[in-house]
Every structure is written in structure tokens, then in C-alpha cells.
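Presented sequentially are two complexes of chain A, the first with chain B as partner and the second with chain C.
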Partner chain A sequence: MGGAAGALLEVRDLHVSFDTEAGAVPAVRGVDLRVQRGETLAVVGESGCGKSVTALAILRLLDPSGRIERGAVRFDGQDLLGLSEPEMRALRGRRIGMVFQEPMTSLNPVFTVGDQIGEVLAIHRGLGKRERRAEAIRLLEKVGIPAAAERVDQYPHEMSGGMKQRVMIAIAIACEPEVLIADEPTTALDVTVQAQILDLLRALQQEMRMAIVLITHNLGVVAQFAQRVLVMYAGKIVERSDVATLFREPLHPYTRALLRALPSRSAHAERLVSIAGTVPSPLEYPPGCAFCARCPDVLPRCADDEPRLEGVEAGHAVACWLHAGTGAR
Partner chain B sequence: MSGRWARGAWAVGAGLALLAGLAWLVGPSSALLLAAGLAAIGGVSWLPGRAVRVVGAALLAGTLFACGRGGLDAGPAAALALGVAALAARLLPVAALRRLAFAIPSLVLLVFVTTLLMYEAPGNPFAQERVASPQVEEALRAQYGVPRSGTAFFAVYMKRLLLDGSLGPAIKVQGRGVVDLLAPAVPISMALGLLALIIAVALGLLLGIRAGLRPQSAADYGSMGLAMLGISLPNFVIGAALMIVFALQLGWLPVAGWGGYAHLWLPAVTLALPYAAYIARLARSGTIEVMQQDFIRTARAKGLPERSVVLKHALKGALLPVVSFLGPAAAGILTGSFVVETLFGIPGMGQWFVKGALNRDYSVVLGTALFYATLITVFNLLVDLAYGWLDPRAVSEP
Partner chain C sequence: MTRAAAGPWSDAWRRLRRNRLALAGVVVLIAIALACIAGPPLLGLDAETTHPQLRHEPPSLAHWFGTDALGRDFLARVLLGGRTSLLVGFAATLASVIVGVAYGAVAGYYGGRLDELLMRVVDFLYGIPYMFLVILIMLMFAETARGDPLPVFLALGLVQWLTMARIVRGEFLVLRNREFVLAARLIGAGDARIIFRHILPNALGPIVVYATLTVPAVIILESFLSFLGLGVALSWGQLVSEGVSVVNPIRSYWWLLVWPSVLLASTLLALNFVGDGLRDALDPRAQR
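This part shows the complex of A and B:
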């Protein structure tokens, strides 16, 4: 897979591990991803597969116990892992924005939302006090908060969850970033609010032409929103494809299982389908494919021999022995 | 339903038992008065807003009148008190007036209880080795306004306080009033207490936040070890150690006695250290907790420098446990100053508190008690206000 030249954000062979009492636990094991300007890339996987850690590692916001072992993160030609902390701070919130999963706890309860939006405007755009307030109101209106001029002086606890997530989005887009990393932006919200937030993100993306990295475990959200998808399992990418192909022709047994597990309208009143078995503990990943213990189509070599991510056709790659060597490289 | 009835029955039973205990201790009429006072104060919580405005303003007017009478005639004092109270009723929020309506009767109740306890203690101001004749004792009692029963004394004392704004004559120091005795001591004790409080807060926050930002580091173990020492060592040991090092060995500061504000440093540090240690521990745990919050990650994702992340986003949260401790800490520092004042020979309030109690000088005891109680009440009020500012979720009534 060549063609890296035009990528706005590029992650190559990223390895992240966490120091625990049981030793270093690998969380991300060689992730590659590329985001072009203006596109939406979805990263899908269940909890603990390393998708959020990848996002935090891109912005170098990992907890002190987390360590980037190896790999490269390039943004607009710069090597982010080589930047000094002040250079990195100049990017965060200005050229790369981030929205988190928990709007309830991601805003500071003791400052008004206006203050919290204003902070970004002060450090990255150098706005004065009065300008900040006016701009904060404009941003609140932009993310669809009614009566923004009153809401700007409210505290987070005076707002609903969806409203808080809108405030988080207002903070993230305050400087018109080129990339917005949205880590499970709708997971903590109820379904109707989820759709509103996704619509808002889409509208903002079209207006500002920003790229979005959408991290989610919800394939429904992926289908609505993204152009390309990465499926992650146990710290690795197991399948990479555009959205239409992935839903039409999933190749990796894990992806297929995920799609089967989606509740469908025709199969109502039946039991929900689940994937048998559990994700292996990061302390005991097998030498081969991490999915082999749960895989319905497991081959003899799977447990010991690790499949690499290989292209099977243009824009579609999978890490699975079932499909190894089947397509054009 | 039955649960509520059971709880009600328990409450009534407990109340009656308390009353019986009190009656046995202080006599039935005093016990009833005490119970009524407690009920009245508790009842303030259920008063509707409008009634709170009236009651709070009336109590404020009474207090202001008493204070004003210290220096003014009855007319101007009354005018001043009514004017300010009327303004307060209009302008102050109900929550503030409710606190006043709670605090002022509490102080009155405090005087009452202190009186009862003083009268329960053996002896009286006029008991001497040479027994005075009953006529002489009666004459002295009449002159100083000290009847034989506690409740009667309370009535005399409150009447004098409210109408004349006077804390009464000192019984054992002839020809001088309690106010005259305490006036020179107050600024010294206040300076000592305030300095100690500032040292305790500044030192405690500095050590605690530093430790909390890097738990399990050398700075953490160092400051927490220091804190453990500060909490464990009694202040007469700390005081003596400080005297030996800074006064005797190094000769930087005076050993003890009073001759100016340089004499305040050693006692203030002695008084402050245990509280600095507590504050450091609270600030440490507060900092550790707040630094794990999601909004700290948000602040970093905005591109804020670490300094702003800590000083702006973490500090308010880290301060909350410290601020709740400041009320009791201030009380402790103020009352703790008795020991330290004695140790360092400082002519503050502490000497009068001790002398008054030993001499059974009722007016002096009540004067000092009332003074400290007022101070602690005011301080708790300030802590409440600070809490509301630090945490907007601690909603007060409109």
C-alpha cells in the first residue's frame, strides 16, 4: 500500500505499552493508519482493543504509565514523536482537536462553559476577554446550543449530556483544526442524541473541511459516517477497507462476527448474536493470531504463525491466513 | 409509613433521654431552657424564606445595637442598628440571613451553657480562704452582678450585654472591665493566630500539591514523612526544639517573651506545623484525585501548558478538602494558642482564659468564650462562602 505522500496524518508501526505491576502490558502492537485531508476514518473494535490508546498516543496524551515503544506519527510532514513539549502543545487544540467519550466528566465542573471554551481561544488565538466571550457564544451557536448567550455563563452541571458533548465539540473546533479525533463521541449518550451529535459532526466537517478520526465500537455509526474503516483486535489492525466493501464483503472472521452481532431488523425477537469466547489478556497474547481461540474458521497454523496485513484488492487489506496470497499485493 | 413512625419515636425517645440527663446535670428549669434553645435553633432550618428575612434582620439589629452601645448612646446605636438591619433584610440573600439566624442564637446558647457549667464547678469568685461574712458576700454579689443561680446570672449578663454593650466588670481585677482587660491582648493573639494560619496554609499547600503531583516520588515521601512528624509531635516539643535551634543556637530570633512582632515567629511556626501537616496530607490526596479526572486530560488536549493545567484546572478541586478543614483548623489554631502563648510567655488572650477559669472570674471566662465563639462562627461563614466559590455545584438557596 503506497501512496503515503498526500496523507495529512500518518501513523506507522505504533507500539504502546503500559507499565503495570505484572510488567509491561502491550496495548497497541504495530498500528498503521493514514488520514487524508477532509476524509473520515473510522477505527472500530471492542473495549480494550487499543483504539483509544492509539488516539491518545497520536496527541501524546497517554497516562504516565503508558509508553510509546516504537513507531512514528507524522502530521503534515512533522514527526510528532520528535517534537518538544511546547511544540506539541501548539498543535493540540489548534491543528488537532479531540473529543472524548464522557461529556459528563470531561468538562471541569468548577468553571463555566464559556471559560472553558475561552481558554483555547486565549492560548491559540490570543483573543482578549471580551472577544473570547463573543467567540464562545458564536461557537456555542455553531454547535447548535440554543440561547447561547445565556448558556455561556452556565456550569457543566446545569447542562444535559448531549449539550455537554456539544460544548466539548465547540472546544475541539474552536481553532478550526485540520484533524478532529473523536473518541467514542456518542457512546455515553442516548440514541436520539447520538444521531444529532453525528449530524453536527458531519455538518461541521463539510463546513470546515477537516479530517475526522472516529473511534467507535458501533458499526452502525461507522456505516452512517465514515468513508474508510480500520478494524482493530487485541492491539492490531485486522482489516482495512472502505465502508461499502467492508459491509458487503467482510473478510476477517472477526469482522464477520462483528457484523453478524449487529441486531438486524428482520431478525427481531431472536436472541442477539454474540462472539463466543473472550478477548485474550494482553499478558498472554498467543504467538500467532490473537483471534485464533475464538475463530470459527481457524487453521492449524493460526496459533503459532502470525498473519500480516496484506492487500487483497485495491483499498482492502486483511490480516488472516484464510486470505493470504489471494489478492494482488 | 411504619419506618417513619419508628424513627420519630426513636427521636422523641432520644430527646426525652437527653432532657432527663440534662435535668439531672443542671436542674430541670435550665434543662428545659436549654432544650427550647436547641429546638429554636434547629427550627431555623425549616423557616420559610420570608420569616428568615424578618428573624435574621431582627437578630442582626440586636447584635449591632449591643456592639454599637460599646461606644455610642442608646439613640444613635439604635438608629445605626435598625438602619443596617433594614438594609440587610433587603439586600442579603436568604441563605446569608438564615446563617445569621442560626449563628446569633447559637452564641447566646453558648453563653448560657458556659454559665451553667461555670456554676456547676466548685467554688465561686468570692470564695476565699478567709471566709467572708454573708453580708459582705451579698454586697459583693450585688456590686458585681453575680446572683447565686446560674440562670439568674445569665439574665443579668445578657441584659447588660444587650442594653449596654458591656462584657461586665472583671470580678478579680478591681476597677477594670473585661473589655479593658482583653483589649490589649486581642491584637497580639489575633496576629499570632493569623500568622500561624497563613503559615499552615501556605506550607501545607506547597508540600501537599507538590507531593500529589508526583506520588511515590522522593518529594512525596519527604513531605509526607515531614507531615507525619508534624502531626505526631506535641507542640510543646516542637516549640522547645525551635527555641533551641533558632533562638539559642543560631540566635536569629528572641527565645520568648513579648517585645514586638519578631517575637511572633517562633510561636506562630510552632502553632502552625501540625496544621500545615494535616493540610499537606489533604492537599496531596485532593491533588492525586483531581489529576486523575477526565477534565485534566481535556485541559491537556486543549494545548494548555502543564502549569495552567495544575494551577487552574486542578487547584480548585484540590483545595476543596483543605477548605472544609479550614473551619476546624482555624478553631484549633485559635484555641491551641493558649498552650503556645504560655510556652512562649506571650501576653495574649490565652492568659486571661486560663486565669479566668482558675479564679472563677465568671465575666472574664464568658468574655473570652464569647470572643472566640464569634470568631469561629465568622470563620465558618467565610469557609462556606469560599466553598460555594470553589464548587458551583454546592448550590445555595436563591
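This part shows the complex of A and C:
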């Protein structure tokens, strides 16, 4: 973890909780992340581990019941948590874009896709009606939609899921943001379409030199796409590494379990491997490591004593007692 | 929004066009409205001049609808009364739509305590018998504004917006959690833009349907008020009321009751058919 001062997006010690009838439920419990210009950072974890909440917290778009308890979010030197709502709005969609999981319902059913792409151009670039339409067509072409000049006047229900996700991407990149947060961008799509969308994102990233924060539960996607990976479990980061190291030498038992659970094409395994047990409810996180109840290598101290994220070698850190103190090597 | 043929509004229009009853309703409404607006000047009718020698003339070629107790041409009076009734119906509905949509949108969009507060106010106003409210307002204005239908709009609109507010609030409560609203926030849209550009168009179906059904409700209310003698202007309700008062077993001036009643009933029926047709056309459950 170099002390690179020029991180474009930096989150430090982020804590988010949600008010429920059962009290404040912690969803994110001390997440740190740094994204450099032009790089791709993957955030991996099961549903409910706090990945999406982290992303929404960065953009300050949590539900009214969600609250950022503490932590800092800095983007290009600005403290995002200290900005006013209008300043935040000026940033969203212009310098930080986001694409999320549900392309089927993310587009407004009563407007044409051209109108919806045009909206972001009206908000941030103040383009007139005719310019918006021309730009929308150009953007549709850029995200690989054939016959863009006709598609621009279509309504969302006339398009397939992959096509809609392309439209969402066109909206997200319309103002050439410096960071694109992609929250499970391919989860709702067919496998073949998934690959196309990932290829598109990669091509756009190279062309526009934007950083991508890729949130996913799919390690296969991570391997193809990211340079660095954060593995999250129960609202915390349990392992941080570059992609090659993570796949070669996963340290946290949770990461190992995730990798084992990845279906392989060559193996003759007839059964899919799964991780025993379930994620603990946020209401009853143990005082120690949240993974201890499912961990095959659990130590006596794991249940009560919480391991901290510690570096074991350059660019590789893990929060696990199995590896505590090995960083001196 | 009329550009592409596949938009949600053109879908609805296609469904509406297949509904014969609703189409007939539209035709009847347009015919009655045109007659009320253009009829009197076109036919050179005069609703005010009295002809003492022509009192209670039955319908004839000279006076198609007959004449009333003062010898005034009854066709002219029915058409003028129709103007008032239709104007009251549409204006009060418009007022209720504006107030109800704004109120319901704010309550549903922001939710939480504000919603609680706003909706308890609505509940409270619901609790007051609306006739009482309307009569109170009418009496307040009765002295200052004789013959001016504005207080009627106000009084009726004030009562009708409550249900509209509830409907809109319910729609907004559901729609604000849809992904496209989050997507709009993600591109930097503010509350006003989200409310008016993103959510409202999606809630327009129920609003249009309820508004269409509010028009006849208001016309009935106004007629009822006129019937009770609380109306302020010449309207169908008032004419029916006068018509009823001259019905007696010795000499019946049937035309004084029949014409305004028939026109009032046809208008109400047509409006209800249109409203039902719109509901069928715009009901999201009817879509694939």
C-alpha cells in the first residue's frame, strides 16, 4: 500500500448503518479504499456484504434510513461528505458516473432512450434539444448499439436487457466521468451478453482513461477485468490484493472459499462447491471475526478478538489471525 | 411524446379507440360542449328577454325547447346553464388536480414525518362532512358574489382535492423507490426534476382517470347545491330545480324538467364512460 498521495477517490474508515425497528444495523464497518486515475478496482463479496452500500455512500445516495456514521470520502482532493447537496448533484453523473444491476427497470418507461440520455446532457452540459439528440446518437454508437439513429427514439420496453445496459452505460459516460462505479453491471444479463458488456466497459475505459470501481460477486469477472481487488465480508474488507496475487495466493479463508466455489470448466467436478453456513445477520455480528462460524481454519481467539487488516507483503493485506504478524517476513 | 408509435401514451390511445362506449362518450361530450358554447350566438338565441305573452309555450319551431314562466326561450337557458355546469365541472376539477397533485406529490415523495403530517390533515378534512364545508363556503361568498360562479369552483375544488392527494401520494410512494428514480439521482437530478419529470409522468394515468371521474362528480354536486337553492348562477341544476317546482297534476310544463335533466344525465353518463374507458386504457395491470 504505497502512500500515493494522488488517489482520485479515497474512502477512509467508512461506517454506514441503517435505522430499523430493531435498532441501528451496521452495513459497512470501516471500509478503506483508494482508486487511482485510470485503474480498475474490484470489490468482491456476497450479497449483503456492504458493497453496494459503500458505492451509494460515496455518492451520498443512501436511503433516508441509511446514515454515514463516520469516515471520510475524498474525491480529487474534495471532501465529499462536506459538500452541499447542490455541489454533490453537480458531481453526480458528470465526474462520477454509476451503472447498476437492474437495466430492466433503471430506465424510465415513459421516455425514449434518447430523451433519457439527453437529460444528463441537459443537466451538466446545458445542451439544446437538437444537440442533445445528436449527442445521444453519438453516445449510442459509442456503446455499440446498431442503428443508433433509429434506436434513439425507442422506448425502453422495445429493447433487450443487454441493450438497456448499454444505454445505462451511455448515460453514465455521457459527461466523460473520471470514475465509473459499476455495481454488478452484468449480473442480470445472459452470459454471452455479460462478456460483451465487460468488453465495452474495458474499451471505454481505455479510450476515456476513467477509473472503474467494479462491484461484483463474480470472481471470474474480476480476473478478466480488474487490477486490484478488495474482498468484503460482513461490512469489512478482509483481503486486499492485486489480481494476480489474489488468484495465486489467496490468504483469507473466505477468499479461498470463494475461489474454490468458482465453477471450473475443465474439472470433472460434478457438484458445485459452496461455502457452508450463511453470512451472519448484521444484528448479531460476533465481537471477533465475522467469518469465524464458517471458517474451516478457525482459531480459538477468532470468536472474540477481531483481526485487523495488515499487510503481509507489498500490495497484499489480509484481516486474519492465521496471517497476523507474518508481514515482518 | 407523440413522436414514436410505441410509447405508453399511444398504446393507451390505441386501447381507448377500441372502446366504443368511451368513444361515444367523447362524441356526445364534444357535441354538448359545442352546442353550449357556440349554440346561443349561432342561433341568435336570447336567454334574458321576457315575453309576457309567450309564457309556458310548449316546444315549437320558434322555440325548440319551449319557453319558461317568464316567456324566455328555454333552449337558450338550457345551453347557458350547460356552460355554467361544464365550466364548474372542469374548473373545479382543474383546481382539485393542481392542489391534490402538488400536495400528494410532496407527501409521497418526501415520506416520513412530513407525509404523516400532511396525510393526517387530509384525514381531518375528510372527517368534516363535505356538504357542510361546501355550504359554509357558499354562504360566505353568497353576499359578495351573486351570479359569479367562482365561489362554486373554489368550494367544490376544495372538497375534491382530498382524494386526488391520496391517489397521487400512493403513486409517488411506490414510484419513488423504483430504480429509475435512483438512476435519475445518479446523473445529478434534483428533487424538483425527479418529481415532475420522472415520477409525475408515470403517475399520470391514475391522475387523468380520477380527474375525468371528478368532473361528473362536481357537476352533480353543483346541481345538488343549485337544487337546494345554494347555487349562484344559472346552471342545469338550477333549471332542473325550477322544472321540478312547476310539475303538478293539473298542468304539466314537462319541457322545463325534461330538457335540462336529459342534457345533465347525458353529460354525466358520457363523462363516466370516458373515465371508465381511460381507466381501462391506462391501467398498468391491463398491459402485458
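In the analysis below, the second predicted complex is superposed on the first by the 323 of 329 C-alpha atoms of A that agree within 3 Å, B and C clash if a C-alpha of one lies under 4 Å from a C-alpha of the other, contacts with A are read in each partner's own complex, and residues count from 1 in each chain.
Heads up, the rule we're going with is that a residue touches a chain if its C-beta (ideal position, glycine included) is under 8 Å from a C-beta of that chain, and two chains touch if they have at least 3 such contacts.
None of these values were measured; they are calculated from a predicted model.
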{"item": "Chain C versus chain B on the shared chain A, clash or fit after superposition", "value": "clash"}
{"item": "Which of chain B and chain C A:Pro109 touches, first, second, both or neither", "value": "both"}
{"item": "First (chain B), second (chain C), both or neither touched by A:Asp153", "value": "second"}
{"item": "Which of chain B and chain C A:Met168 touches, first, second, both or neither", "value": "both"}
{"item": "Overlapping contact positions on chain A, where the chain C interface meets the chain B interface", "value": "59, 61, 86, 89-94, 97-98, 100, 102, 105-111, 119-120, 123-124, 155, 157, 168, 171-172"}
{"item": "Complex contacts: residues of chain A adjacent to chain B", "value": "59, 61, 86, 89-94, 97-98, 100, 102, 105-111, 119-120, 123-124, 155, 157, 168, 171-172"}
{"item": "Residue numbers on chain B that touch chain A, as the complex places them", "value": "293-295, 297-305, 308, 313, 316-317, 390-393"}
{"item": "Touch list for chain A against partner chain C, complex", "value": "59, 61, 64, 86, 89-94, 97-98, 100, 102, 105-112, 119-120, 123-124, 153-155, 157-158, 168, 171-172"}
{"item": "Interface residues, chain C side, partner chain A - complex", "value": "1, 3-4, 6-9, 111-112, 178-180, 182-190, 193, 197-198, 201-202, 204"}
